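Pasting the structures here.
Here come two complexes built around chain A, the first alongside chain B, the second alongside chain C.
Right, the complex of A and B next:
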């Protein structure tokens, strides 16, 4: 339970109007700098005194990072575009409605009015041990407090855990993985690189202290949606305790192109089960070329949960993920497993 | 003039702001933007008025409104973007003022619950709806709900009850008085369409 204290500890605040100026400040302060997008994840860390940066760089005044533009038949969404703007965009609505559904499922109306898509994909995990400032692996220590016999780990990982059992909280992340989105990153040295959404997120096996491949000084500038999956058959579902504010317990996103009743090609991602949104490549390979029916959905769902290792309180996520994958292929009419 | 506790406290706060901004004037002027840190003295547009105010870099808009500008109609519930009591309009869009740095809203139009009334203290239609339907119990959450509803009604002036419920879903009522709140805000929406 958060405690209200009067004002956050002091920091220097920078409001550059260009990415170059922002990076000059980030390079000057190094590890003591903090990048601020919408501020909703950031201010929690600062108010709780868990993170104490010397300098905060607010990206809100950089016009180049805002707005949605056509890009090679698809769309380029500036990283500082709010979730509400994404939800209201006509082309997102017509061609990439899975992103609309995912963005609209995030948090609350006021948060969507302020929270950015760049911040949504780059936000930190919600593991309460980590966020309360416990010196865990993710915080640079050598223990995971969520993976002890006494730990409360109802919302933690069932797949891909490696020392840390935290999960990725982003709602838009699985939709972007399903759409094969491209993340445009401006590196600290000024160079630009573009990585697939799938590779933007990292698990503890790659870097236990970060959720994304962003290094200090890097800035995510835009997210590109290629034509590849525009207008495909989409499925998105987010399961959570409350219908507002709450992060996903498990979410699923799929983009599918059908040829008659056959699944010609599909991309499928789940979130809330691992430290990064998981693209289910084996499932995609299995169902491509098969009819879209109950039998295909059943084998796909069973394959999806192969290797799941629940903790003490999160075994419910296994049947939940199994059902969601099944629905992502079959639709809501799919029969449901109860355990 | 009687000296109420509230006015006395407001006076002390305003005096402090003047003293600290006077100290500011003797510092060298720097660039507001670019690669140097922001200056503390800034100009805000609140409820149609231009207000000069000395703001800490780490200060949230809710703190500035309540404790620098005396606009205590904006409530602080959780201070974590989890309750909605601090909702204000920024450029007509509802935001949690507890989770916005005041420096982020320089040059933007801020409206708080105090800014809703018309000339001569005439209540805003949504406020009249609340009065007529007696929509709240303790009403601590009222300013946040009303601001969220006013912002939502700008985008959808003719909502169904379900749409309005979705529109104000970013606000919590500790009294669990949601049904009456919705009735009152639906009445407010009706008054807005008539006015």
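Right, the complex of A and C next:
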């Protein structure tokens, strides 16, 4: 019989109005504290009684974490800015449209009204074995139930798996990696550090129980978009089972600067294939200086999937990723669906 | 402090998952505490040392012995240092991530584990076929030596038996490391089936939850035990009065004086003719 777990366990709710107050609570409770942004990932965990924090710190009342403002020619987006606000911002629409596309691809309008960009990049994986509360590696155990002979692993990783085969579910993450965004983190000791979006996410080889580098007490306060890739030629595509509302099976994001028909420089990232959004550095190096054409796209796409190790039910992700990379390089009109 | 970590399997039954990592810090603390206690004792105690005049007399009586006596063959030394490198690699890759220094450790860990396994297999064969196999083991026959050693350490004059090739402490340590290494290697080899390697088709269902839990716990217990054991080993290796043993593991030989001072020539018989030229060592000549 299914166990219905739809009543949240008791916890202390804190709704601070400053980052300092939030961190004071987080430091007091340590690993027993839970940071609540939009709540769309958190409430699943809490209502399912899989996560049982003693204290929940709701960041929703901290004005400093909200809004989009100019920053050194680029933009600084408060971590608690909703995805809808990101999508509607005129500078995002004009200069960083890849982020607009990625944010708009996330879930449904209602969820984008509530969900924040900080929460979107920091959300936990959707591996159902893990989210069902089974004692897998990611939950502190010693097995990956999704990487067993009988496992249902259609949505799981084909690259970068290390014991755990969960994938990162964020739509905005690959776009931020492609934009060379910077993540501003307020550490538990009150200090601030800024890391590249690419380094904000961690795979199971580094930390099998987390998706990001955030430690207990840390708060992601803002995301900065440098001017470097503003107005570049962007490409974002998300493949999902249901177009109306679903997590990505595979997504791709690229920012490209052309010199005539030659690719002068490019940043390319994929998500849904590993536990972290993967920046395809080898592909970037390969295509830089080459003409933007079918031949370059084919070589790049084949390079992108090198090392892929599909599981029993997710081999389809290999040609899917190959074609998405091809489309990102060449453009959607030139790509063909070959396997 | 927790000792074990438990989870619930998909059938909602409690299962062991691994040891509590609190035990790592406990082992680290125990190793350092032993180090401090022993070092303090050695500074302040009246442990008995053989007088130089005694050794002079013994050396004068045994001029038939070569000046340099082979203690460890090249093969034995190579095994020791390969095993030491593998052991350090295993401990660092296992415990640095737990201590917060994160890096991709799994592949390096099992590679080091295979090196350790290979070196242990080599050592087992080498020691059985080419060395005096029983010289490193301890048994009831060593009780008089144990008593004499303890009393000497407490400052008493004891004429009792002296060690053969290996001091009693060495042999006890070897016994401990054999037990722990067998546990860690056997459990580790089975655990390799759970991760992706070029050698096996990954099969986490080779054992049931309970057996896997016990395997992980044994591997963890042996691992944290090794932390304490390695601390003790390194500590003794660098102690001034033990440096002659460490040096012999590097160079392969000890002097005649060290041989007579620290060993019982009746228990470690050196079957070697006098060295014609005392400055020319004869490495590789069996001395046991």
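Operating definition for what follows: the second predicted complex is superposed on the first by the 331 of 339 C-alpha atoms of A that agree within 3 Å, B and C clash if a C-alpha of one lies under 4 Å from a C-alpha of the other, contacts with A are read in each partner's own complex, and residues count from 1 in each chain.
Throughout what follows, a contact is a pair of C-beta atoms (placed from the backbone, for glycine too) under 8 Å apart; a residue touches a chain by one contact, two chains touch by 3 or more.
Everything quoted here is computed from the prediction, not taken from an experiment.
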Larger contact residue set on chain A - chain B or chain C: B
Partner chain(s) touched by A:46 [first = chain B, second = chain C, both, neither]: first
Which superposed partner A:134 touches (first chain B, second chain C, both, neither): second
Partner chain in contact with A:7 - chain B first, chain C second, else both or neither: first
Touched partner set for A:111, first chain B, second chain C, both or neither: first
First, second, both or neither for A:196, with chain B first and chain C second: neither
Chain B versus chain C as contact partner of A:295, first or second or both or neither: neither
Chain B versus chain C as contact partner of A:64, first or second or both or neither: neither
For the chain A and chain C complex, residues of the former touching the latter: 133-135, 139-145, 147-149, 161-163, 202, 205-207, 309
Of chain C, residues touching chain A in the complex: 5, 7-10, 15, 17-18, 97, 102-106, 194-196, 202-205, 212-213, 216
Complex interface listing, chain B residues touching chain A: 32-38, 56-60, 63, 76, 78-82, 84, 87, 93-96, 99-101, 103-104, 148, 152, 166-170
Parts of chain A lying in touch with chain B, wherever the complex brings them together: 2, 4, 6-17, 21, 24-25, 28, 36, 39-40, 43-44, 46-47, 55-56, 58, 60-61, 84, 107-111, 113-114, 243-245
